[in-house]
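Pasting the structures here.
Shared between the two complexes below is subunit A, which has subunit B as its partner in the first and subunit C in the second.
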Partner chain A sequence: MPTNGLVVMTPTSIAYSGTSASINADGSVDFSAVTSLSLNGVFTGDYDNYMITMRMEHNATTASSYEGVRARLRASGTDNSTASSYTGQFINAASTTVSGSRASYDFGFAGVAAWNANKHNGVQLSLFGPYLAQPTAARTTTISAYLGGEIYDAAWTHNQSVSYDGLTMYVTAVSFTGLLTVFGFNQ
Partner chain B sequence: MAKNGLHLITPTSVSGTGLSITANGSVTMSGAQYMTINGVFTGDYDNYMIIIHADPASLTSWNMRVASGGTGENGSNYTVQSIYADSTTVGGNRTTTSYWQANYMDTTANGFIWHLYGPYLAQPTAMRIVDAGSRNGAYINDHAGTHSLSSSYDGLYVWAGATYSGRLAVYGLRK
Partner chain C sequence: MSFTITTVYPDGRTETRDATPEEVAQRDADLVAFEAERIAREAAEAEAAAAKASAIAKLEALGLTADEVSAAFGLQVT
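After this line comes the complex of A and B, so read on.
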């Protein structure tokens, strides 16, 4: 019998700031109007690589609101916020304009949430080796609802050789709403 | 009843220094440089997803060929279109040669997902790579490629310009 390739990683617990968040019976996580959402116990020694699929909307009230959802890796309930330890390379395609940028911060990136009349944004966040005690690589592929449709992808690295079992996502303005599932790639 | 959609595939064999197959079917790489992965494409699946998480001994890139019976197809039949973002520089290029060249990797924090469409079918093959690389801190270097021969392939031949360590896993998408 074939081995299942993708395994749902049900968080051992979650924490949030905002209106509500809960773990569903199938292991996915619903969140509503949160400013931060922490997932604990989703990365383990069973798997090296992970994928998080997420739909979300940004709860702003103007169409110009547009914000990246930030991410920090966490170990035993504590986020790693080491200065400049996360480096992100971005690529953005908006109509006929394509641009890039790179910068280092104390956070990584979970995707972009743009407000657009309650249309959802979609994100796939791939994480390579977060539980391994070595630097982590990550990649987001994003469908932003801004102006109907926009690409805003990021590749990012985190240079700390630390083992992480979780992830925090947060915004600095307003809040975000949606649903996510963490998958481990069987190996 | 729900069915599993993505299956981890165990190679029938691998050849190359520093390679081993785990009990579940992924391939661990330790100081590897050239590897042939055999028997991962079959008539059970049309399309596949491969995940490679590996770090090289020095800055280098991957080279890839489809393979049949343990031999990589080495004609000038591989075309790859790349798009890259290196800080504020965004660009692309297309080449046709005897392999797909993809993904600069620096010595830490690299990973990519490689989609292959129809390698076992006796028709041209398409592929797409979405990567996360650590060159210059972080680097986007994605690729879309084709292989023009209408032949059936059951494996891959993959190599790099330096030795590397990590893991490779091949997944079949149920059809």
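After this line comes the complex of A and C, so read on.
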């Protein structure tokens, strides 16, 4: 058993649509020009809370084609897309403008990226209790390269009392590329 | 629109299959929803920008300088 701290959760499998994705020997996941990426078997009964760190870029080249990367919790290979089951509170800070919004959807949030291709962005996604058969809380903090530096913070909950062992990240009209690692908090 | 899903295992094995009708339907629904959101977002942004420009024009017509508009109302005059 590892000592206290972060433990890499190697997926039991991943599933993607798009160009390519692979599981590295160290448990991280590489993905290139994918429109969806599912991580299976990363949440287990061993740990309650998890963190996903991810660097990514996204191939949108115009503001109108831009979209954030969305997320759905996943159980035994099936995404949960229950209408309005994910509620998010968002804070966005770009240049001197800070804005907020709040809404419910059939998806959660895995991060945003600057819409200019080849700009790199960083995401930290914390998930609290996804494997427990109770509602899940999550927080996605993104550092976007938009305008040279942008903060996008999404606190979101999912109201279904379901045990999830995975997560799907997806976009609809563009694709995204990067590398991620899932960690469990061992204590 | 149909698409394929590839599953990859830690040992490098891969399996590729066609998306199920349910998966295709979900993606199509996601695409329609995203497009509707994009149109609504861009309309809201355009409306906000127009309101901001109108407010600045009215304040300047009252004799306020760009610095005064910025200091008092936080509006950047460009």
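In the analysis below, the second predicted complex is superposed on the first by the 177 of 187 C-alpha atoms of A that agree within 3 Å, B and C clash if a C-alpha of one lies under 4 Å from a C-alpha of the other, contacts with A are read in each partner's own complex, and residues count from 1 in each chain.
By definition in this document, a contact is a pair of C-beta atoms (placed from the backbone, for glycine too) under 8 Å apart; a residue touches a chain by one contact, two chains touch by 3 or more.
Predicted model only: the values in this text are computed from it and were never measured.
Peer 1: For A:96, decide between first (touching subunit B), second (touching subunit C), both and neither.
Peer 2: After superposing on A, A:96 lies in contact with subunit C but is clear of subunit B.
Peer 1: So, A:22: does it touch subunit B (first), subunit C (second), both, or neither?
Peer 2: The answer is second: A:22 touches subunit C but not subunit B.
Peer 1: Does the superposition put A:181 against subunit B (first), subunit C (second), both, or neither?
Peer 2: neither
Peer 1: Is A:49 in contact with subunit B, with subunit C, with both, or with neither (first, second, both, neither)?
Peer 2: Touch partner of A:49: subunit B, not subunit C.
Peer 1: Is it subunit B or subunit C that touches the larger share of residues in subunit A?
Peer 2: Tallying touched residues of subunit A, the top partner is B.
Peer 1: Pick one for A:121: touches subunit B only (first), subunit C only (second), both, or neither.
Peer 2: So A:121 meets neither subunit B nor subunit C here.
Peer 1: Mind working out whether A:85 is in touch with subunit B, subunit C, both or neither, as first, second, both or neither?
Peer 2: neither
Peer 1: Give every residue of subunit B touching subunit A within the complex, in rising order.
Peer 2: Residue list for subunit B touching subunit A: 4-10, 22, 24-26, 49, 51, 53, 55, 83, 85-90, 108-113, 130-134, 136-140, 167, 169, 171-172.
Peer 1: Considering the complex alone, what residue numbers of subunit A touch subunit B?
Peer 2: The touching residues are 2-6, 48-49, 87-91, 98-102, 104, 126, 128-129, 134-139, 141, 153-159, 185-187.
Peer 1: Could you pull out which subunit A residues touch subunit C in their complex?
Peer 2: So the residues of subunit A touching subunit C come out as 10-17, 21-23, 35-36, 64, 67, 70, 79, 81, 96, 106-107, 170, 172-173.
Peer 1: What residues of subunit C sit close enough to touch subunit A in their complex?
Peer 2: Those residues of subunit C that touch subunit A are 3-10, 12, 19, 26-27, 30-31, 33-35, 38, 42, 76.
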